[in-house]
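You will see chain A twice below: alongside chain B first, and alongside chain C after that.
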Partner chain A sequence: MSAMLLNKEKWSDFVGMLAGKNLWAPRESDEGLRFVPVAEGEVPTLDYNNTRVPPKEAVFPQTETLFKFKVGGKDLEEPRPDQDAVLLGVRPCDARAMHIIDELFSWDEDDPYYLKRREKTVLVGLACNEPGLNCFCTSVGGGPVSTEGLDLLMVDLGEKYLLEEVTEKGSALIDEVKELLEEADDNSSKQKDKLADEAAGKIKRSIETEGIPAGLPGLWEDELWQRVSASCIGCGTCTFLCPTCHCFDIQDETEGFEARRCRMWDSCMFREYTLHTSGHNPRPTRSERTRNRINHKYSYYVDKFEVIACVGCGRCINLCPVNIDILDILGQVKEEI
Partner chain B sequence: MDLDKLRKTAAEVVAREDVRYLLGWKKGTFGYRIAPGFVEDAESAAELIFSPLCTANLATYLTLTEKPPLPRGQEPDDRKVAVMVKGCDSRAVTQLLIEKGIERESVVIIGCPCPGVVDHELLAEKYPETEETAELKWSDKGFLLLQNGEETEIARDELLAEKCRLCRYPNPVVSDIMVGEPVETWEPDDDQGVAEVEGKNAEVRWEYWQEQFSNCLRCYSCRNVCPLCYCEDCILDRLNPTWIYRSVNFSENTAFNLARAFHLAGRCIECGECERVCPANIPLGKLNRKLAREVREKYGFEPGVDPEAEPFQASYKPDDPEEFIL
Partner chain C sequence: MINKENPYIPYNATVEDTWYETGGERAIKTFKVVFDDENIRKSWEHFPGQCAMIGVLGVGESMISISCSPTEGEFLRFSVMRMGKVTQALHQLEPGDKMTVRGPYGNKFPLDQWQGKHILTIGGGIGQAPMRPVVEYVKSNYDNYGGLTMIYGARTSGDLCFKEEFEEMSKDDQLSCHLTIDIEEEQWDHNVGFVPQILMDLNPSPENTIAVTCGPPIMIRFVLENLKKLGFEDDQIYTTLENRMKCGIGKCGRCNAGNMYVCKDGPVFSYAALKEVPEAFA
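After this line comes the complex of A and B, so read on.
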């Protein structure tokens, strides 16, 4: 796969050429930074650390209508996703997260909604030159220039962006904007490697994950879970903002005679998550729920798909209202194993 | 604030046989973060701190504590819970007492007079957070930041949290033990946040809230962190009937946010926790303070001040003038 250069002076032309493709990019507003469809004439800047809500919402929306029907009727209207999309400026951790949950959504049954969107979406990544305070991607198999899940990787070289093709979808996109690009030379790839090394060196937080997946089952009844969850308030911040969390609930909702079956993000930190009709709750307190969150990422997922379902983006650490820190929990897990 | 005295007091309290644990503030895992601490023995009391970083209202844990079914033969631990409170936090405890959400005998209240805490987001924006845990102290000028071996003086006005600018009760209104001398109260600012929204016409106001509520992720961190959102059976969790659909859209989000605001009218003690924890930055404080002011001005009731008061929405007065009812 080849590499190209885009002079930043041509950035608005580049965006303009992609504008017709349902282009998404991060935008700063009252709520913070979030991936949103780029408005007509808008030129997004990629000068940011990372968005609060991960871009998973572009392929796995928080609420999705599976089908609509009329109360008492028999006809189903099934809106299937079929729109192309280009996501601009996806951080390698978030792309890797999608790559990881692709496994789940194509496991026993193919999930047509998620997979269709994934197929129709081109992920244009942006390598991290300045990792955030709680980034730890390098501890869990990722890195500032990781390309897993991406179709195209952009590296900010200062005056220019280096564009590296990763998949055929990425190459096709490059072809469409070729007139704006110039061939990359050896120097740019050296510059990229240097930036990547520097970025990796700026990552301050880490965890040695070896032994955790194998050790977790043995800590099932450990008092540790009580300890690390004591201050948990049971909100959905850590899971909703997690790029790999993928649990959803399915509900029927009506408005007059109009009805819809939809699915929406669910959170294992919620009290009624997998609450049985009988009233029995297999995870009755926050300690079992916290245990589930950690085990799902660092044990069950590893058993099933041989990959840790955490990409080290640091969102759950940054945004937990009560400083529950997954690296602190994992550190304690390691001590107990 | 004399930390030695605070820790000594805490150690004495947790050592008491009738006390199960103490809720206090501890240093967090990095930067400016503070972790709520559950102190069970006198030794761990040495980890406690009280500083301008201690925004968290620990009163929320008085009602958040879970009571899972116990193994046969095991008795529940009904000993008292000790809780460290700032002025605003003490109002939450008082309001819980007014509502009989907790019993007076079930808590030991350790009052910490509070000169005002910082706006964490502002602090991190102006003085970038690092992986090392930093300290912030109250000083004559305002705050003193100790970070990576360096000391920085910061003016009080630069970082003071909005809730503290508006605060009228920096000293705990109820306590069993006070740590330190009461602080001098200050003239609260006018509530510019609310005034700004009120100054807009209805249409613009509606657009403003429409945008804010559309951002809501329904993570319920506002509800869960709130010391006064403690219904055992919250309408949001109800599925049969489903009062508020799980779909995350403007309509349902608005129903949720307004239901919560109204349920808190005359109950919210303005600790600002909901707004602090919201990952979508919804200015929930404006909504709650607006309703608090309505209740204060129209009904002369202020929540969480007098433990003997009758709960505003659950009391009946035969001589109520009812002037505003058409």
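After this line comes the complex of A and C, so read on.
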């Protein structure tokens, strides 16, 4: 793996050279910090802990058109494939999340919308020097410098960024900005390791996941599900803003003679998600829905794809309006197993 | 076949014939449909147990059992109960109208593995829709099976589906057909009683027999109980599950029962497999 250095003085040049490539970076919006296309002349700063909305929306938009048609017609028009994109400043946990849901979207039947966008998107990561209050990536197989899912990893070394290529897409990107870069030396690699160790040491929250995937099915009838969901208001924030949550609804929309079939994020925390048309609901209360959310991430996904579908980004803890804490739930699961 | 390029793109199909099976607010209407594209018509393969996403453009799609056997010809049959937005729109369709179809989805009744065995189907109400292809498949391959028994019931004679086929069935001496309704009616000369009770009265031997059941959850529960009483082993009993579905290909998430996706790992499950799925009868 070759590594290069970018002096921060050249940051705006670096961004400028990538500007023509449909560059996305975090920007504050009404709905919090999220990845948006960088405007012409805009120089994004990488001064944030993490975005509120995970970058999954760049490859799996909150709402997207599957195809368009005319009302009464039968010809279906598929949307043109999106252009290439470069996401700048993706945290390792969020890239790892995409890596994890790649499995689902290519399981048996390929999901062309997700996979084509994923292929056309270059993920430039930003290693974490200062983990957030509720980060626990190191408990679930990630880490502050994890490169799973990334094409390129940037490490903030103070005056310079260390750029490590991870994939061919990443090295192709480095080639394009080579004139701004200098070769990295042993010292910068040591510096990176030191920062990574320090960052990992600053992660205060953790869970020992061993035994959870195998133990969860045995807790099906346990009263803990009532307990941990008692304060849940069913807002769905934990799942909407989860970087590995991938569930969606499909709906038809018509306006005049123009119509489209689209899909949009959905959440297993909503009553309608599983509601049968007969009125029967296999998950009638928030207790069953919470049980499904935890089981899906920590047991079902492990059964299917041999990886926990949680990257420890802490969003569901930080953003839950009633302070439900997945680590607290998992702690209770551990106690009951 | 599933559109490999883009599995969300449905095929156009034309309603060739349609008729009401039952009446009332929740009427059941059957559609016989053929694909518009000859290549799809030729390459489409389905098997008893499988479902398809059928729909009306601009309204949406619903997952519906394919209620015919591939041995019946190059068409598809769906029997749809009028329940919500999509099924309401489907019920508007008349011969010549278009619907969309994508699939087939889900696993199959392992009829190949059941060769030489006696097949017992136990259906209730609209639950006969996935039983019908099993019956039709065995009927066209009698030599390969050890016999065929069909138990089918509904609340009233008017609530039974596929009524127009009963007379011919009664003439088929290789098929043991047992119809039942919950409450006695004039001019009804078949059984009266709940399906699980008719099963007990019939007292079929579990020897070399596979029992397949589908119907309302409460019926399935008692049928399973009674099959156990009759001595059927868990791996001799099969049923189908249903859940709300959107994609049909294991992506959208919602149809899971425990760690199984009903759209991919099901809808057909042996009772032996279902016992391991905590949410199966939720």
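The rule is short, and it goes like this: the second predicted complex is superposed on the first by the 333 of 337 C-alpha atoms of A that agree within 3 Å, B and C clash if a C-alpha of one lies under 4 Å from a C-alpha of the other, contacts with A are read in each partner's own complex, and residues count from 1 in each chain.
Keep in mind that, in the parts below, a contact is a pair of C-beta atoms (placed from the backbone, for glycine too) under 8 Å apart; a residue touches a chain by one contact, two chains touch by 3 or more.
Here the structure is a predicted model, which means the values were calculated and not measured.
Colleague: With both structures lined up on chain A, is it a clash or a fit for chain B and chain C?
Modeller: Fit - chain B and chain C, as placed by superposing on chain A, sit side by side.
Colleague: Output check: A:251 vs chain B and chain C. Expected answer is one of first, second, both, neither. What do you get?
Modeller: Touch partners of A:251: chain B and chain C.
Colleague: Touch test for A:327: chain B only (first), chain C only (second), both, or neither?
Modeller: first
Colleague: Touching A:233, do we find chain B (first), chain C (second), both, or neither?
Modeller: After superposing on A, A:233 lies in contact with chain B but is clear of chain C.
Colleague: Roughly what angle, nearest 10 degrees, sits at the C-alpha centre of chain A between those of chain B and chain C?
Modeller: 90
Colleague: If you take every C-alpha pair with one atom in chain B and one in chain C, what is the shortest distance in Å after superposing?
Modeller: Here the least C-alpha separation of chain B and chain C stands at 5 Å.
Colleague: Can you list the residues of chain A that meet both chain B and chain C?
Modeller: Residues 249, 251 of chain A touch both chain B and chain C.
Colleague: For chain B, which residues are in contact with chain A within the complex?
Modeller: Its residues touching chain A are 28-31, 33-38, 56, 60-61, 64, 66, 68-69, 129-131, 211-212, 215, 217-221, 223-225, 237, 239, 242, 245-249, 273, 276-277, 279-282.
Colleague: Where on chain C does chain A make contact in their complex?
Modeller: Touch residues, chain C against chain A: 2, 4-10, 12, 57-61, 83-84, 87, 98, 217, 242-244, 246-247, 249-254, 256-259, 264, 278-279, 282.
Colleague: Across the complex, what residues on chain A touch chain C?
Modeller: 66-67, 69, 71, 73-74, 76, 78, 104-105, 107-113, 217, 220, 246-252, 254, 259, 261, 263, 266, 268, 273-278, 280, 282-283, 288, 292, 295-296, 299-300, 303-304
Colleague: For the complex, give me every residue of chain A touching chain B.
Modeller: So the residues of chain A in touch with chain B come to 29-32, 52-53, 62-63, 133-134, 204-205, 230-231, 233-237, 240-241, 249, 251, 253, 262, 264-265, 267, 270-272, 284-286, 317, 319, 321-325, 327-328.
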